[in-house]
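The chains carry the letters A, B, C and D, assigned in the order they are written, with residues numbered from 1 in each.
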Amino acid sequence: MVDFRLDDELLALRERVVTFIRDQIIPYERDARQLFHGPTEALRLELVARARAAGLLSPHAPRAYGGLGLDHRAMAVIFEAAGYSTLGPLALNIQAPDEGNCNLLFQVATPAQQERWLAPLYRGETRSVFAMTEPEGGAGSDPSLLKTTAEPDGDDYLINGRKWFITGLPGSAFQIIMARTLDQRGQDIGATLFITPSEAPGIEVVRMLDTLDSNSPGGHCEVIYRNLRVSRDQVLGEIGKGFRYAQVRLGPARMTHCMRWLGAAQRCHDIASAFAKQRIAFGKPIIEHQGVGFMLADNRIDLHTCRLATWHACWLLDQGDKARAETSMCKVHCSEALGRVVDRSMQVLGAMGISADTVVERIYRDIRAFRLYDGPSEVHRWVLARD
Amino acid sequence: MVDFRLDDELLALRERVVTFIRDQIIPYERDARQLFHGPTEALRLELVARARAAGLLSPHAPRAYGGLGLDHRAMAVIFEAAGYSTLGPLALNIQAPDEGNCNLLFQVATPAQQERWLAPLYRGETRSVFAMTEPEGGAGSDPSLLKTTAEPDGDDYLINGRKWFITGLPGSAFQIIMARTLDQRGQDIGATLFITPSEAPGIEVVRMLDTLDSNSPGGHCEVIYRNLRVSRDQVLGEIGKGFRYAQVRLGPARMTHCMRWLGAAQRCHDIASAFAKQRIAFGKPIIEHQGVGFMLADNRIDLHTCRLATWHACWLLDQGDKARAETSMCKVHCSEALGRVVDRSMQVLGAMGISADTVVERIYRDIRAFRLYDGPSEVHRWVLARD
Amino acid sequence: MVDFRLDDELLALRERVVTFIRDQIIPYERDARQLFHGPTEALRLELVARARAAGLLSPHAPRAYGGLGLDHRAMAVIFEAAGYSTLGPLALNIQAPDEGNCNLLFQVATPAQQERWLAPLYRGETRSVFAMTEPEGGAGSDPSLLKTTAEPDGDDYLINGRKWFITGLPGSAFQIIMARTLDQRGQDIGATLFITPSEAPGIEVVRMLDTLDSNSPGGHCEVIYRNLRVSRDQVLGEIGKGFRYAQVRLGPARMTHCMRWLGAAQRCHDIASAFAKQRIAFGKPIIEHQGVGFMLADNRIDLHTCRLATWHACWLLDQGDKARAETSMCKVHCSEALGRVVDRSMQVLGAMGISADTVVERIYRDIRAFRLYDGPSEVHRWVLARD
Amino acid sequence: MVDFRLDDELLALRERVVTFIRDQIIPYERDARQLFHGPTEALRLELVARARAAGLLSPHAPRAYGGLGLDHRAMAVIFEAAGYSTLGPLALNIQAPDEGNCNLLFQVATPAQQERWLAPLYRGETRSVFAMTEPEGGAGSDPSLLKTTAEPDGDDYLINGRKWFITGLPGSAFQIIMARTLDQRGQDIGATLFITPSEAPGIEVVRMLDTLDSNSPGGHCEVIYRNLRVSRDQVLGEIGKGFRYAQVRLGPARMTHCMRWLGAAQRCHDIASAFAKQRIAFGKPIIEHQGVGFMLADNRIDLHTCRLATWHACWLLDQGDKARAETSMCKVHCSEALGRVVDRSMQVLGAMGISADTVVERIYRDIRAFRLYDGPSEVHRWVLARD
């Protein structure tokens, strides 16, 4: 039967995360060891160490990997709580793209691959990369435009191509590269995923992108692969199934974006509400001016429906349903409605809202990208229309 | 734990309602015995008889009263299915204001009052009225402006005042009238609810209102009470607690509006979707033009979040929570989002959308009122802001 | 140089129209001689007689035809003032489709055709019809789907086909019918416009459509042409140029819709503003609640930008520019923004807004169609995107 | 009569500005001499020198001051053309707050003050500051909360207080400070404006604010005044008329914001349109997907109505009208509609939109503040509602 009650165990865990984020992580938000696109690796490891000490590291990891083994619904609750700080997901090791890569490797990688790449990732020791998007008319919203190729060369493959908006490459341990695979006769046999160390001969970071958002350690870069040699055992899953695996990764990854941003938007709303209760203008606290109060009311409604849509899609995933339509609806709704929440919170704060005096300014920049990545709203609407 | 599964029993019941509405009720939608604001009493009784025969009458009524004894969550599912036809709620006897009056009488009325007024109402034999709203600056969004008075006269009260937008009076069995109550010294001792037969000396229907909507048998009227005599045993609950009882009635009544309109909006979306798949323009079915397809995608998202918000508030009510904020959020969201769904459906249908060739035109008119009654969006936002 | 000053002469004329509408036409709005889709012909002629007596009839007509010979900018001002009453455009004889038909006949018709059809139309003695839209996958937003045919038969043509949403047919003097024209060998030689009397052998009104709007005398009907015989001198302009002429008609016709609806929306705003200043709730006039005040502020902004966009496109037309993009932008903006103005006005009025106690309810129904006719917003956006 | 024609002279001037911006200024946009909040003073002077050489410097200045002596309508055209580059307004010396300060000084300052402060400002040699906004509950949207005081001390005044979001202070020549003025007995005699050099004993820049926007050389700072001594001849205009003068400054200043942002938003739209025509996805240029095409169509409509509203308010100002309501409507409409244009342009660009590879990312950050400064939308709506 329809039920929205959270288990006592989950409530207790959420309480621990809320406390941990408030007491141990939010104070780091003004730590100077954040440059460009986020914390230095030293700071990241310090945050991870705190989460480990608190028993909260990698809640998404199976217990065998030292995690909390949460299902999607429980993840929704815990990831939201972590997202309340811009550093929370990093601390708990549930940041994109690592979190989605974990999920992919757990489902598709060989035991040897899991041992080498997945285990340290789950332990928060490393970071990872998912390299798909290409410049100049290559793969993007329409992945079929994939231009990077993997050609057989003896028992190996040679990868050639150019990618951009590749998140987190500097400082990461490995990348998962999507490439159009050719057979011996040069025939296209479909996209394949390959795992390679992040630094290797043939990998050149051409430039770092300067972007609106700033919540990815390692930032976003443009990278060229020139005869990057990968062996057969670096193939992730089966040859030619790259698009299928990308889908396996994307559905849940979309949901974890919704969860984390829900926490971030809730934070903005809380900051704006507290401000509106205390700031006086025209003779009374500004929350008592309906122009302000209604923005906060709309925030509550948006946060509420986003949370419900997230929980629902997670429940479907927990039932083994792929929830294609529901995760698309959830992604469109959350990226747009939570964006509105952050925008209204900024408006309520007035001039202070556009300064870094609160975290709202940072989240305003970061959340804009949410309407674009993992498929812009337009692609999801198109999927929903044709469904 | 968070769960969205519907019990097999409920699914079976929903299936029966869906079939009943589709096969037995929708065909009546073009029945000529609908004038002004809905079916004649003869037609209404015919619909009720069909529901009774199908074992689907009064799903909200306790089993003791011959109903199905559903909780709020189950009501959400069944009422939505009934709302799929403009005549469905009437057939199942879950139309406003009767449904809300049932709930109120069940909670507050004396056994004698229940025997006399509630039992036949639950059986679908009668209709009823809730008389609160007043013209000319009287009670409305702000009920404290209540002008109608009940003054003691011996052991009785004499009610004087004028009400308008009183729904369903002609043809109904009884009304529940809210009046500001005076004590012997003329002191205001608060609002009180009184039950009176719909026709009695001192009750004069001044005029029928011509309104945009047309889904209330009996329409909306303006009525004058001139020394309407009511005895002590016609007091509903306690003297002076009228506002409190109105709140008891309103919370769940808001939710049942959401349920029924959800079904109506889903109907419009289904009609528009079917049309868009088959109608060709500029070389292909119009659903393949993103301008149309995106409207249908947005409909899906709106319907989805409205359904989830409704289920959630119902779950809270089922836990005994008054769910003040959640029913307000749900009412604002549903009245606005479902209104958009119907509007987009009309736009997709083009010229046909504004004709009575489909039921969309009718629902477009009817649903507009949903943003106004039971508190306009502005009052609910204000409640949410101050919460 | 950019100038928004209205000539004194035009201001004086506007003042006369404002006074005329307020004193002589608005009082007719509750005249009982309005059934179904507007005034009876007797009432219409009475209104026209008043405008004639006031020297205000047919301001769009050239002086040679007894009109005021206004250019488009002056029409914008005067038509808006006329649109302030739902009966104003009928009184001044500037209602659709007559106004657009006048314009078309003036540009394309032969002197004999003008003498017979145009002159009495300009004098307000007759009404007329433009018959293009077809059911069941025929001409609509995509006119190329035109199914009605005109086949040569001796010196004549025989028209066969079915049209719907044909406005104003009963009671009108003539129709302009668009038909796909075949040559002697059955080859399609393009769409042609034909003028025929409204009643003739072969014309059958199949049914009247029941529609949301109600501002067209004669309503909207479905009509069948069965071997309707038309002679060569009933061809309007040249054979095969029907689509081109329809464009000639449509550009200015779109603008006159914007003008009239601007007046209607301004009326709704004025009604809502007056109400909001006088209606008390929660301790003060509701206009002082920002939730209400902001709706009225947004109304002002929408009315303002619609007026400016209308004036601008009219200026272009007055320069001989076809203003394709500008009339499309204006049509989309006005139909949507003025629709919002009327919707907000209704919301401000509360329950009264959905009753016929004010004209807002009527305008709310009527203006919805504006987003659909003369090309739905989607078609105009498409034109603008590809431009 | 209503006219939208631009004089040949103005068209020629616009053409020169368009060419100048395109050929000489846009290439500087990637100049490395831009840190924090804009160009270094050296770069700024280089840009100014180019405008001077092109005869385009200070188009708003009277001819007596070496400017072009444009009226508001001509400024609308020229400022829009300048705003097409993020560096254009700086080059032409029409950037906020200098441009508004010029206007204020021209109207209110004594000849000696004009000679000392205004003349070099008009010549682009200096920058200036308007210091009104205060932290911690001081002056902001509600200027009556002003806390900074000016107390008489002999023939001088001593200013004490704290201001923030003070734009452009480091590197500027002078500031105009608003302070609550006390008389000898400590009675508040109203707000007064004082002119002081930007560096003087008693002025301490406490910190630079880190903000979302980055288009103000000198950035935004927080500043403390501690017994800042100002003499009587540093009073701008009359004692106690500070609020009145702020209004004098604000009306036209609002309009010049609209003009510059109009150019900036047009730039974003042009970039997005060019991209959409060339970028292929799902088999065709993305502009041919309606999901993208409709965003560009809406951009056109928003740009169009913003331009018309700006021209209209400017025309009123040129007639000597204060245009209170019209400048408020224009400010609300432009800040919101142009914000939507930039947001849609970013969405069309996809991932590239959030990178600094185009100027859209920069403008997206900058334009957000437009909804907040010179009165947030909420204050203007409130003014419009009460009007």
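One rule holds in what follows: a residue touches a chain if its C-beta (ideal position, glycine included) is under 8 Å from a C-beta of that chain, and two chains touch if they have at least 3 such contacts.
Please read these numbers as outputs of a predicted model, since none were measured by experiment.
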item: Given subunit B and subunit D, the chains that contact each of them; value: A, C
item: Maximum centroid distance from subunit A, chain identifier (CA atoms); value: C
item: Cα-centroid distance, subunit B relative to subunit C, in whole angstrom; value: 37
item: Centre distance in Å when subunit A and subunit B are each reduced to the mean of their C-alpha atoms; value: 43
item: Touching two or more other chains - residues of subunit C; value: 289-292, 294, 378, 381-382
item: Subunit B-touching residues of subunit A, taken from the complex the two chains share; value: 1-7, 10, 73, 287-288, 290, 292-294, 296-298, 300-301, 304-305, 308-309, 311-312, 314-316, 325-326, 329, 332-333, 378, 380-382, 384-386
item: Interfacial residue positions of subunit B with respect to subunit D in the complex; value: 289-291, 294
item: Contact footprint of subunit D on subunit A as seen in their complex; value: 133, 137, 140-142, 145, 164-165, 209-213, 220, 279-282, 289, 291-292, 346-347, 350-351, 353-357, 361, 364-365, 368-369, 371-373, 376-378, 381-382
